[in-house]
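Following this line, the structures themselves.
In the two assemblies presented below, chain A is common to both, partnered first by chain B and then by chain C.
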Partner chain A sequence: MTIPVAMTVNGKPASGKVEARTLLVQFLREHLGMTGTHVGCDTSQCGACVVHVDGRSVKSCTMLAVQAEGAKVMTIEGLAESAEKLHPMQEAFRENHALQCGFCTPGMVMSAIDMVKRHNYQLDEATVRRELEGNLCRCTGYHNIVKAILAAAPAMKSAGV
Partner chain B sequence: MTAATGIGARVLRTEDKRFLTGTGRYVDDLPLARATYAHFVRSPHAHAKIKSIDTSAARAMPGVVAIFTGKDIADAKVGGLICGWVVKDKHGQPHKAPPHPVMAADTVRYVGDTVAMVVANSHDEAKDAAEAIKVDYDAKPANVDLAKALDKGAPEVHPEAPGNLIYDWEIGVKADVDAAFAKAAHVTKIDIVNNRLIPNAMEPRAAAAEYDKGTGNYTLWSTSQNPHVLRLILSAFVLGIPEHKLRVIAPDVGGGFGSKIFCYNEETMVTWAASRVGRPIKWTAERSESFQTDAHGRDHVTHAELALDKDGKFLALKVETIANMGAYLSTFSTAVPTYLYATLLAGQYTTPLIYANVKAALTNTAPVDAYRGAGRPEATYVIESIVSKAAKELKMDPADLRRKNFIPSTAFPYQTPVALQYDSGNYPPIIDEAIKIADYKGFEARRAEAKSRGKLRGIGFSSYIEACGLAPSQVIGQLGGGVGQWESAQLKFNPTGNIQILTGAHSHGQGHETTFAQLISDKLGVPMDQIEVVHGDTATTPFGMGSYGSRSLAVGGSAIMKAADKIIAKGKKIAAHLMEASVADVVFENGTFKVAGTDKAVPLGQAVFAAYVPHNYPLAEIEPGMDENAFYDPANFVYPAGTQICEVEIDPETGVVEVVNHTAVDDFGNIINPMIVEGQVHGGIVQGVGQALLENAVYDKETGQLISGSYMDYTMPRADDVPSFKLGYKVTPCPHNPLGVKGCGEAGAIAAPAAVMNAVHDALAPLGVSHVPMPATPLNVWQAIHGARAAAE
Partner chain C sequence: MYDFHYHRPKTLADAVNLLKGKDEARPMSGGMTLIPTLKQRLARPSDVVDLGGIKELAGIKVEGNNVVIGGMTRHADVASSADVKSAIPALAYLAEHIGDPQVRNRGTIGGSIANNDPAADYPGAVVGLNATVTTNTGKHTADSFFKGLFETALSDGELVTSVSFPKAEKAAYMKFPNPASRYAMVGVFVAKTAGGVRVAVTGAGPCVFRVKAMEDALAKNFSSDAIKDIKVPADGLNSDIHASAEYRAHLVNVMARRAVDAANK
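This part shows the complex of A and B:
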């Protein structure tokens, strides 16, 4: 049995028919073909699947697609203003070499943006490290991710995003 | 132009944009029309006979396309997986090689062993059907505890390896070492376990395969670090599909750390079944499957003894190790605890006599193979633990004891007593720099300040040596390796002057698309945005060995330089023709061919265009086109070395260890992109800190159940477990490759565990603690503290 579901993804209407058990991340990846959001574990620990749902960061492997009915979903694919102009967080990750294999990166970036906003663009290293509790990276040792987020916070503020 | 993008420049990565915008393409992202999905039924037992498998109910489930069991594989005469490195034991006999079927037919040998494959229209349907397959097992006793794995009467994993012994191997002359020990003024002894690790690349392993009925061609997309080698193994040993009928593509791969070098059951099964099902098949591991079936790392039990004279000079080292192989021999498993471990036991020191005995044991656990560092972290942990312990026993400064025994810079090339010849190095300035950066002099003040807060502060050194850049083919062959160890490169100019670098190496996070482009930007003066690096596809790239053992730049980069030399040589002939000059008078500078002492000049782009549109061209002498191949087989390994200094604080009430400072000074030879190198070191250190403090693969010793089988149970390092790091560099260029480079990919993980553990022991020494097992979890530390207290009372 399938259930119709409709939501806004990256500003555009998206709909489909899903099973009740279909996860939001499956809907994004398998139904919409938006494979920027990744799945790195099966216990909601790694954070590779983080997206924004109505402005808040959510592990999309821990939410059913039907729970996002009517919601505004933002994924990594929707962040950059244009092909040339990246979001300040994406730019900071690039400038600070905060990614290597790139697999955890979408979730890291989405979590980081939410983190910066929740802390009103003011962060210190200890806060960033604590806030990254829900995102695993095996490549970078976190050093440059922390650096990038600290650099992005004022950049986001001045860009008004 | 090239100054900003050439060798030594901090060039931002070319590959980042796609990864940052969600447009990377990993195996699981591939859209394959009419795809089916595979799910594997896995053994819940560590050791059992399969009495029967009933697939009838599962076959009737919705969406099921096919079900295969070990019997189908056996009937189809699919070959077993191979171990590609023959290690000869101390009697000269090749190691025991029990069969490694891609699907178990009658016996399962570890929790997670593959029993059946379900193929269905969706992954959920495949998983539902897998649950309906009834397997009747007759459970048998399991051999799990490595320390007892070779004991008489231990349950036998394979009848082909009596007593579970794969080999009993040695290096060095025991009698000479024993004689040196007899004359020693002091002997330091350690008993250590190098804890078993689960690699945990963030992208789980995945495979997708397609069969083209019209051509008979197979395509396998795999999360592989070395697609050509994977194809070679599948073609020559396992599936019998001729190499030219099998294309292996490793697209964007989300980390490897060794675990994606090997040929695995699942990718083999998916390829084999694709032609039988007649539709593409996709499989992606769930994380719990990764925990159970990715080849694990480390897992040694070691006793070591160091003999010193009265002045603290090392006289001899004796090492006895049992190394876990798991239930089957993975692709390069046998080489790791021998040629990548025991040959490194000289470390940075002049120890004149070394004897090592390694026994490789089978257990009913997942296969164990190379994991970041592969053997070298295990060697470093042995050497650097025993050296620090010796310093404590002799009441010597640990840095001084190391300095006293360093190989002097004048002694290179240096022949160690364990086969390797170090090509270059200069160790004292490295430790001096590390001491400066870490403010070693100020440590006692910091220790006292920590004490005033109730914390125990300790400092630990680790001076590592690494043999990487695997390496000369003939040496590898003499040691039993089944492959060559060169690397390939093809430089393919297009008529409009842009260029493709096709490499046999593979990037799964290391940034080759940037570093390799920098080489060509520097050498040929081509702007970065005119260079494309292509890797990971057997159909487009020349045969190559892939990336592992920190070899991509030292070997693959050297191949690129060699091909670039051929481009320049050909370009000179073209330019000489165009300038009506003699080839001998043509020089190549900053991307332009010139005749010295004249204003005649031909930019490389013009020579390239002439090569493709050869209207005015020396056709009698040279062929058209600008497309050069090179294969580079190095003269030796490369030998990066360095010193890490770790500072920890321990809460004696809880046993919690916090890394408060961590310094790494490395000699990687010349550095192409410092930004990328720093990233490699950071990541390596955290994997090492993870091993030292957090990570541990734990099997129940009776049942063989994997207890640490998820991120809820296996402690991955998180951002708040580590500090930011302080790095430094010293440079002694590698004398035998054209770039003067050494490898940097594994160094962090090689040195860090010993640095952290030495710091932990230093912190706890005032309490009388002499040994804390790795990982130094709060429980292990607390028990060590209380064990020492109990012993004192």
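This part shows the complex of A and C:
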């Protein structure tokens, strides 16, 4: 049985027909072809699938597509203004070598942006490390990711994003 | 995941009606346990009734001496609520330490206590503060609500609408989290309220439980020294790859003393 579903993804209307059991991440990747959001563990542990739903970071492998009906979804694809102008968080990840294989990066970036905004652009290292509890990186380690997030917080504030 | 019929009612009454008469219907609040359970095909509901669209179930208000939290209130909202932080800081602290930020953005208090996972944090606060659980059909005291492993006093089709927590004179929650999942291997909620002292332990046994001997000792002298020699027996406690029953029994005493010290700060 299919159900029509409609939401806003990265500012544009997106709709489709899904099964009740279709996960939000499946809808994004398989129906909309937006493969920037990754599936790492599929058990809500790793955070590779983090997207924003109505401004909050969520694990899109643990939410049904139908639960996002009418919601505003933001994915990694919606962050950069253009290929030349990245979001300050993406830029900070590049500058600080905060990725190696890159698999966890989309989720890290989405969690990081939510974290910076919730803490009103003011973070210390301990807070960043605690806030990254829901995101796993298995190659770079967390050191440069933490550095990037701390660097991005003031950059986001001055860019007004 | 097996497929199911999905419903998203806008009112509590509609939700109750949808659940009625369907043997295999399941309510879903935040879905942080139900969706992983469905993925593993450990459950096969015919219908899932999503409570996420019911506005009347979410929200926090202070009513006299109580903080009343709607069943669909997300952990993140309890953790960041100015009302909760000022009335019962230990409750905000507990909510802030459930799972990870993404789980806290979805998971709800009603879902957590209705599921009654032995390692969940909220049952500790509900029993520790002697909260009252309100449902669409009535009220439950904290001590009568949690029945056993994943078992509560809720009947079929009965939904948690709110939980009312009395303000505490002193309270604190300390947990030893599983390093991977952040579930409580042992969590102890200690509270001194107008109704007396309570010590509620979650994570250690099949279901949240109170430690009467600690409560009596703390009622006389609310200091960690007063309970340092009070041990809980390991018999019947959880034992798994993360911790043996003996280790959990030991942690109960350690976490209880830390909670008392934190409550006294």
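Keep in mind that, in the parts below, the second predicted complex is superposed on the first by the 161 of 161 C-alpha atoms of A that agree within 3 Å, B and C clash if a C-alpha of one lies under 4 Å from a C-alpha of the other, contacts with A are read in each partner's own complex, and residues count from 1 in each chain.
Everything that follows uses one rule, which is that a contact is a pair of C-beta atoms (placed from the backbone, for glycine too) under 8 Å apart; a residue touches a chain by one contact, two chains touch by 3 or more.
Everything numeric in this text was worked out from a predicted model, so none of it was measured.
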{"item": "Which partner reaches more residues of chain A (counting touched residues only), chain B or chain C", "value": "B"}
{"item": "Contacts of A:Glu77 with chain B and chain C, given as first, second, both or neither", "value": "first"}
{"item": "Contacts of A:Glu133 with chain B and chain C, given as first, second, both or neither", "value": "both"}
{"item": "Partner chain in contact with A:Gly16 - chain B first, chain C second, else both or neither", "value": "neither"}
{"item": "Partner chain in contact with A:Gly33 - chain B first, chain C second, else both or neither", "value": "first"}
{"item": "First, second, both or neither for A:Tyr142, with chain B first and chain C second", "value": "first"}
{"item": "Which of chain B and chain C A:Pro154 touches, first, second, both or neither", "value": "neither"}
{"item": "Touching partner for A:Thr43 - first (chain B), second (chain C), both, neither", "value": "both"}
{"item": "First, second, both or neither for A:Glu95, with chain B first and chain C second", "value": "first"}
{"item": "Shared contact residues on chain A - chain B and chain C", "value": "19, 21, 42-43, 45, 133, 135"}
{"item": "Touch list for chain A against partner chain C, complex", "value": "1, 3, 19-21, 23, 42-45, 47, 50, 56-59, 62-64, 66-67, 69, 111, 114-115, 118, 131, 133-135"}
{"item": "Interface residues, chain A side, partner chain B - complex", "value": "19, 21, 29, 33-43, 45-46, 48, 75-77, 79-80, 86, 90, 93-95, 97, 99-106, 109, 125-126, 128-130, 132-133, 135-147"}
{"item": "Residues of chain B defined as touching chain A within the complex", "value": "12-13, 15-26, 28-29, 31, 124, 200-204, 252-255, 257, 284, 286-288, 508-511, 675-676, 678-679, 682-687, 710-712, 716-720, 722, 724-725, 748"}
{"item": "Partner chain A, residues of chain C touching it in the complex", "value": "1-6, 8, 31-32, 35-36, 38-39, 48, 50, 52, 76, 80, 99-103, 105-106, 180-182"}
